[in-house]
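What follows is a set of structures for review.
In the two assemblies presented below, subunit A is common to both, partnered first by subunit B and then by subunit C.
What follows is the complex of A and B.
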């Protein structure tokens, strides 16, 4: 899923310093699962904003809304009758949400309340890690299911680099060197020879380097 | 207007211990300050961050959870 972090309250307060009446829209998708933009987080942010604005002597009115998803037009439609009753609309979805909203309702102002970070999963309760960089041409079968594109700081196809030490990446002691893990796994499986196979340079045009991407499924297009 | 600032304090008390202790204090005719408002909860684990935020939002200056 997509992992995001809530923006600091001060940053959100600054964005909406000139408005008095907002709609705060949560999303039941990824941001609910990573505890950043679901119902509970909408209520917490709403209450925190109201307290801060009351303290600053400029009370804020907030309508709390939760959409099934903010990355599908059919759910974005659900606020068509109400979106313009507010000075601004704040989205708690990933970066896709405020964009779908502002494309659907050009007359309104939309603000993000989270910083969208990566595609990953929860390795334990409360800790999420990056696993995929959406490169567009998956190659993890060459690496026993471990992705060097997303998980090696240099996205090396042949590794590790000279900076790998004690299983950690030279970029930071906090980063596990995935190449260390790939090599260990190959050794355990007796297939270290696999890594001698030369991999031609990856075609990054299928990744973000080729510009914004589109996915078309002909059978679904009417 | 009085100079003395008197904070409004909300106390979330567990039915089985803190609230029961409050009851006992009452039957012993002990008093506590009038600016402390007690809310009985079935368990202190029932108190959610939203209960606390709503209390502050609605005018409480301080709160405590006893259980």
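What follows is the complex of A and C.
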């Protein structure tokens, strides 16, 4: 799923410094699962904003809303009757949410409240890690299901680089060297030779480098 | 092969082909456009080494480009070993710079991944890694031997580079390092310069494997030597440089030399190493990285008995 972190309260307060009446829209998708933009987080942010504004002597009105998903026009429609009653709308969804909203309602201003970071999952309670960079041409079958594009700091297709030490990446002790894991897994399986095959330079057109991407499923298009 | 039978015809290639024990040096371009400073540093190496590595934004710190600094060396009658990392350029810029470097008379090139920009003075920058060092080696070989760009288009006059690559026998996972070296040689590396060696027993083992696997028949391996200036430097490298193996015994030895004598002890150790490399099966030369110690190179070369350098 998509993992995001809440923006600092100060940054959000700054964005809405000139408004007095907002709609705060959560999302039941990924951001609910990663505890950043679901019902609970909408309530927490809402009260934090109200308290801060009250202290600053400029009270803020907030309408709390939770949509099924903000990456689907069907659910975006649910605020059509109400969106323009507010000075601005704050989305707690990933970066997709405010954009779907903004495109649906040209007359309104939409602000993000989270920093969208990566595609990954929770490795343990409260800790999420990146797993996929959405390169558009998955090659992890060459690496026993581990992705060097998203998880090697240099996206090396032939690793590990000379900075790999004790299973950690040269960039930080906090980063696992995925190449160390790939090699160990191949060694365990007695298939180290797999890693001796040369991989040609990647075609990055399928990644973001080729420009914004679209996915068309002909059978579903009416 | 070009008409004269050499791949590039560089001095380094000729020295190695003739069977001499090669001796290369290193020179980091200035943090600015100070050509005089560069010239002063590189002059220390004249006549002492067969080629001079010119680093490419080493440790991800911005400096004069390695292509420009290499060209200045060519103009001064010195032979550069032009380094290129994959961190800062995509395949368009890389191929353009390779053509440019060749047209300026540069004939050796070292293909590297490069330190992550996190280490340097622009950690905010985008990290490119369009291709990796393995693919860079193969690309330079393709440009040279097939006369084609990476996209298979013909090159009008191809760049004939003597292709180098790096190897770190001490990085993890250790068991894999020899295979990675083998892959680099398969990809097209003509010569290899290793990471600085301090742990001699481990390096002996590594070289034995290289010889047993026949790798030394297909590429020249130059052993990396960086003299320690002090016990402090040794401790720092042991602790903070990822993939560096500095044995405790060496640190003790430097400390034991006493105040003011540690640098001399570091040089002594380096010379002992070079003496052993001269005899070690499969080692074709030494790459001396006397970082910000270029003026010491003549003394080290002299005492290591690698002078005069062969004229080929």
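In the analysis below, the second predicted complex is superposed on the first by the 222 of 222 C-alpha atoms of A that agree within 3 Å, B and C clash if a C-alpha of one lies under 4 Å from a C-alpha of the other, contacts with A are read in each partner's own complex, and residues count from 1 in each chain.
Here, a residue touches a chain if its C-beta (ideal position, glycine included) is under 8 Å from a C-beta of that chain, and two chains touch if they have at least 3 such contacts.
This one's a predicted model, so the numbers in the text were calculated from it and none came from an experiment.
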| item | value |
| --- | --- |
| Subunit C versus subunit B on the shared subunit A, clash or fit after superposition | fit |
| Once both complexes are placed on the shared chain, angle at subunit A toward subunit B and subunit C, C-alpha, multiple of 10 degrees | 120 |
| Contacts of A:119 with subunit B and subunit C, given as first, second, both or neither | neither |
| Broader residue contact with subunit A after superposition on the shared chain, subunit B or subunit C | C |
| Partner chain(s) touched by A:48 [first = subunit B, second = subunit C, both, neither] | first |
| Touched partner set for A:184, first subunit B, second subunit C, both or neither | second |
| Touching partner for A:19 - first (subunit B), second (subunit C), both, neither | neither |
| Subunit B versus subunit C as contact partner of A:201, first or second or both or neither | second |
| Partner chain(s) touched by A:170 [first = subunit B, second = subunit C, both, neither] | second |
| Which of subunit B and subunit C A:154 touches, first, second, both or neither | second |
| Superposition-derived minimum Cα distance between subunit C and subunit B (Å) | 36 |
| Subunit A residues contacted in one complex by subunit B, in the other by subunit C | none |
| Subunit A contact footprint on subunit C (complex, rising order) | 86-87, 91, 113-116, 118-119, 127, 129-135, 138-139, 150, 166-168, 171-173, 175-176, 179-180, 182-183, 186-187, 195, 242-243 |
| Residues of subunit A that touch subunit C when the two form their complex | 153-168, 170-172, 177, 180, 183-184, 187, 192, 195-196, 198-202, 204 |
| Subunit A residues within the subunit B interface of the complex | 40, 43-44, 47-48, 50-51, 54 |
| Partner subunit A, residues of subunit B touching it in the complex | 49-50, 53-54, 56-57 |
